[in-house]
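Across the two complexes that follow, chain A remains constant while its partner is chain B and subsequently chain C.
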Partner chain A sequence: MSDATVNDAAKTTESTTSEPLGETYLDKFPAEAKVVRSALYSSFLALALGGLFGVIQTLHRTDFLRIMESETYYTVLTAHGVFLVIAFTIFFLVGVFTWAVTTSLDREVEDIRFTWAWLGTMTAGAAMAAAAILAGFTDSLDMSADVLFTFYAPMQAHPLFYLGLTVFVVGTWMAGADWFRSWFAWKKENPGERIPLPTFMVLTTMIMWYVATLGVATAILAFLLPWSLGLIDSVNPTLTRTLFWFFGHPVVYFWLMPAYMMWYVLLPKLSGGKLFSDPLARVVFVLFLLLSTPVGIHHQYLDPGISEGFKFIAMTNTMFLLLPSLLTAFTVVASMEHGARQRGGTGRIGWLKALPWRDPVFAGMALAGLMFAAGGFSGMINAGMNINYLVHNTLWVPGHFHLTVGTAVALTFMAASYWFIPQLTGKKLWNRPVALVQVVLWFVGMTFMANAMHRAGLLGMPRRTAEPQYDGFEYEAGVGSVAELDAQIALGGIILTLSLVLFFAVIIGTVLGSRSDEVPANGYADTLSGPEDSPKILDNLKLWFGLAVVLVIIAYTFPLLSIIERGGLFGPDITAFPQSIDIVSMAWLTVEQYATDTFTSATEVAQATIDGVLR
Partner chain B sequence: MVLIVGIIATITYGTVGLGIAMVDDEEDTISPSELDEDERFSDPRVEQVGENEYEAYVVAQTFIYQPDPIEVPEDSEVTFYVTSRDVIHSFSLVGTNVNTMVVPGEVSSVTAEFDEPAEYGVICNEYCGSGHHDMEGMLYVVPEDEFDLTELSVTADDEVELGDDATFDVTVENGQLDDLETAIELEVGDETIEEDVTVPGDDTYETTLTVDSTDLGEGDHDWTVTVDDHTESGTLSVVEDLEDDEDDEDGGDDDE
Partner chain C sequence: MRISTEGLLIVLAFTVVLVVELRTVLAWFNLELTVFESLMFSVALIVAIVVWALFPQDGSRDTDASGSS
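Moving on to the complex of A and B:
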């Protein structure tokens, strides 16, 4: 009975806005708002394209609708992977991080031209990589990058692909520099003050990113790019693969950190309460900084040429890495409960009802968090070495990361967009009910798709394949049938696509609307226990940076040395696939030829002149 | 607490169904362009190395496996040595945890126990190029009495002169460690010759069977040599006069 009254109370608060109106981000930082907006729009474009490719490949591999040859599937899959997990996530991240730094330090960026410069650099890089990938759709261009987002050698992409990735990453490095610069400037004016939590999150995440990207930068700049240009003949596939995963695991946390940030600083605010604990949040981010890189080898349990010992170390580190995620789950739930009780919620479970479920921002994030818990569970299973043998490279794996990056991150970003876009445009969210339906649809679609993918994976159905239907054998489905699993995957994919369409409808509807006074004020959640309760050492970024580097050195020196010792720096005479590099080497040859010709004729002319003079 | 139990459970759980050991760096590296000179991989095959112990040397390349199919007996422990001629592939028995990456330059070794007759699909689950989805093979675990590692080869005359002996050089190779007791049977025309043989383990038996061509008569005679369920066959021409080479060749061509 008391529940009913609570519900009513909750409803009245919801039907208006639960947050106070006031100065938006756009009002306060008009120049920065423009940058953040551009970053988010780039990210949405990537999401739209990636989503389109997602449904095409879903229907193709489940054999419901095939609009292309199976050979083309891998171009689509490369585009889906790269656009979504490189472009969509990271463009969104730089937008949110810029918001977080400026808002929490309460200062403008130091030099807006530099801010635009890094966004421009990232965009140029993304465009180059995208061009190389999309060129794979046409035979008229001798260019392709059908290497999937992991680009394992000896599979080779056009140099433009590697170059684009490099430029993109350099852009993110510049962005990090921009945020550090803001912090240094702020520190000078506020000596002795604690780093505001959102900025702290940005800085620790970026330190992790600098450490992690060293791996992929080395792989590309020292090996893959020169190799694709024909400057070196061969690479060591295990070395470039290991360097990729040096980066490939922490990049997962790079996607997750902005989502975590939203859960820590926005979610409690939306649920009407405060963040449970500031120190705990700091500890979580420090743990991620320290632990996320020295675990990459857990992606290589099945690789020959890497000793069992190194694999065990990676596995143990990975298990520790569960800790910060568990802490996050705990803090976030505790903060939501606080919020709910502030709103009049009571009871052991009853408080859940007092949460603003009708607010799409809140609902989206909370559902994303729920999926993350499921994803964490399937991730724990992945991380065990023995089970990994069963599910490695099966559909189980995409099942897992559509829960994590595909929902925990993507759904949080979409829900957060419903909060950010009004902040950045000063316009009221167009149609909250549609937005609410959108986030719920994503949740439902992903439940179908990911669940069926996990089950198909257990049957041994591989990932990354255009036709998981084979001639020689059939999968032994324990419960249900393969056809049923395929149907669920396809159904899930279609619901997800529908959800995306609604998302863009809401975003476009909002952007096309007119300025409104009814936009909530910019800000983020207060904390129940603030920074004053957390040890000062947590803010010692130099210390954490140093420790992170030491841990990486410990975890990677021996594996890398042993890989180089076995296969050599450039591998045992490895031939590139597909062999399409001739254009570039030919271009080189032409340039060389031209240079020699010019040189020869120049010497001839000189010789003639000298001869003439002498005569 | 739940977490700790969960962690321990995940770490220890595994090795269900097929007992397997982890892929690691035990094997030496190998140059992918020199597989044809390698003792193990120039001739991809299954070999017996102990009682109930077998080794399979497998080459993966875009987009096939060699050998295909792979045949092993029930109640056996098989170590697969797999390498790649080109890009990274995988060697994965569908629905089991025999699943390893196959990296050019490296040899993956995986040991599995097969208790009962079964059929397994072998697939490549690491993207290896535009035909990745076509890369499949089969592994048959066959009943013990249907399994052998026997290889039969026959060299025979194409043509003999009426009245001469036609010879058939038969080689039976026994790849298994136990002795192989069997019979070689030659059928040519209406003639049948049988020889009981015992081929020692891991050894080769050679014999020459002869048939008097007078018994066959002039003309073409199809022949088959059978050892268990292995057969070799061909055609023998018995001609009046071998000297007349040119003419006969023309005639031979017409026959074909």
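Moving on to the complex of A and C:
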């Protein structure tokens, strides 16, 4: 078939919708649709705030527009990080996971009040943490949380920040319990059945999350929160950092696995085909469950206090993580090729033209996947112990994660929103061409920004600073100049902001629209090779949970013991920065003052009475 | 049109990646382009792609509206 014929075939298919119309998620699960909608709206609010702080700090750092003092930079950077990588991503994924479990098990949640309860808990936690962060903008409140997403000690936040994060994580645990409860109920009614793929993906991701959050829960509840409350004088920074990264690396996969789920269960369907292999998808999620947590030390290659041997083991484990990502690349591309050939595509690469590029949901996810490949390559540099020394703490690292979480995850979520919002509202997507321009703009903006960040990192330009230029020192740019890199970063930031504006225009336009019968039916991709082709052991979640715990014990026992032996549980007497908010001491002082005042007044009254009696 | 408007948009997006990365790659071969040269090259490439895309196939004007819907 000639290219022209391929084109014509693709056009004919594209001119009609590639998805059948029918019963939407809202029609089938109206109560759950409300919860999912609320979760997505919460995530969009976080995206708007995080994006706003993103462009402010980008223009400040590159010195193009400064609307704040450099001291405020860390408040802005903390808000940018926490709102985007905690609130935006996790609110979105809990919505998607609820959709996945209810749709694939074809049953409502067991108790919608519990579902609302976990969403309410997460919202309360997010609001508490957000209040502590945003209070950093004003001096009238004795509260701040300028500790960035990683909240490393000795930087200290107001207790409300730690408390908010804890409540938020507890909300996610409750959400997981809700989905497991649905699965248990389904299993009782369907004995011997294989777990439907989307539910399998949700459950393995949540097991990984339960294991991973033990680290951050310990760091916060045993050390950082009591320290910020003034209950303990000091913490061991190496210990709390290690516990943070125990959680900090798998959280990356907590963001990424929902995006992978979209690529596995939606992208093949949008391409017009089927998922190439259900068994491979299951293997990928099991591998992520096993390998995500015991690798966190690769974020600490430059930390003193952890021996090189432990770091080497973490590096080796990390390299194994490439396997599920490469399997995903193969399976997803094979599924897309199958879809394209169903649409009339031919040739070794000619089939690419038959894909539904005019569909913003497809185009956004495909572009996000492509960017993820680039992010994966720069991630390999980060993971290699010796090469990491070259780029550690430089702008290379933000360049890397703007490709992964900032594009692979964020762009996939934005594109998926164009599919989910019509499902949840029963309204047709407002202005598909604008939506397409939006996803393309994100891709282009991130190309400019991430390329310049990686290159600046290679020059040794530091991350996490408002003032990357130093007096009397000039970076030697291999290609171009630092000014060009700054311009490229700022240009990228502006294009990304424009893309965000368009995203909200499309979402608001859709939500404000009227109900339509032209919304595609709810569902997910069928498979070419189904679960019957995979060994049943893949569905043995107890086994994978047990193995994940064993791997974590092997990877972390000796490093943690060694850190505690060297620095103690509470470390040397470190000084908190910016200040210690000693609530207990303040409360005691208040009580003491009140008691003294009361005693003085009582003494005066008694003295007056005695004087009166004596007279 | 040889390709749809949406297809053209995607091709142009990939072109941006190409021109942004090409400057670094060329420098490896001691071919250092200034910002101005790089911009000129980008504009020329984009114009060439747009002209190719808009040029009617087989010499006849393509009246298929699906490309711009």
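The criterion applied here is as follows: the second predicted complex is superposed on the first by the 583 of 615 C-alpha atoms of A that agree within 3 Å, B and C clash if a C-alpha of one lies under 4 Å from a C-alpha of the other, contacts with A are read in each partner's own complex, and residues count from 1 in each chain.
As a convention for this text, a contact is a pair of C-beta atoms (placed from the backbone, for glycine too) under 8 Å apart; a residue touches a chain by one contact, two chains touch by 3 or more.
These numbers were taken from a predicted model, which means no experiment stands behind them.
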Task: With the two complexes superposed on chain A, say which partner A:484 touches: chain B (first), chain C (second), both, or neither.
output: second
Message: One more residue to check, A:303. First (chain B), second (chain C), both or neither?
response: first
Task: Would you sort A:363 into first (chain B), second (chain C), both or neither based on which partner it touches?
output: second
Message: Between chain B and chain C, whom does A:184 touch in the aligned arrangement: first, second, both, or neither?
response: neither
- request: Return the chain, chain B or chain C, that is in touch with more residues of chain A.
  value: B
Query: chain A residues touched by both chain B and chain C?
result: none
Chain A to chain B touching residues, read off their complex: 70-71, 73-74, 146, 148, 152, 154-155, 236-238, 241, 300-308, 311, 315, 319, 322, 326, 380-381, 383-387, 389-390, 392-394, 459-460, 462-468, 470-473, 475-476, 562, 566-567, 571-575, 577-578
- request: Please give the residue numbers of chain C that touch chain A in the complex, ascending.
  value: 2-4, 6-7, 9-10, 13, 16-17, 20-21, 23-24, 27, 32, 35, 57-58, 64, 66-67, 69
Query: Of all residues in chain B, which touch chain A in the complex?
result: 3, 6-7, 10-15, 20, 22-25, 27, 29-33, 62, 86-88, 90, 92-109, 119-121, 123-134, 136-138
Task: Can you check the complex and tell me which residues of chain A touch chain C?
output: 4, 7, 11-12, 14-15, 353, 357-358, 363, 367, 433, 436-437, 440, 443-444, 447-448, 451, 455, 478-480, 484, 488
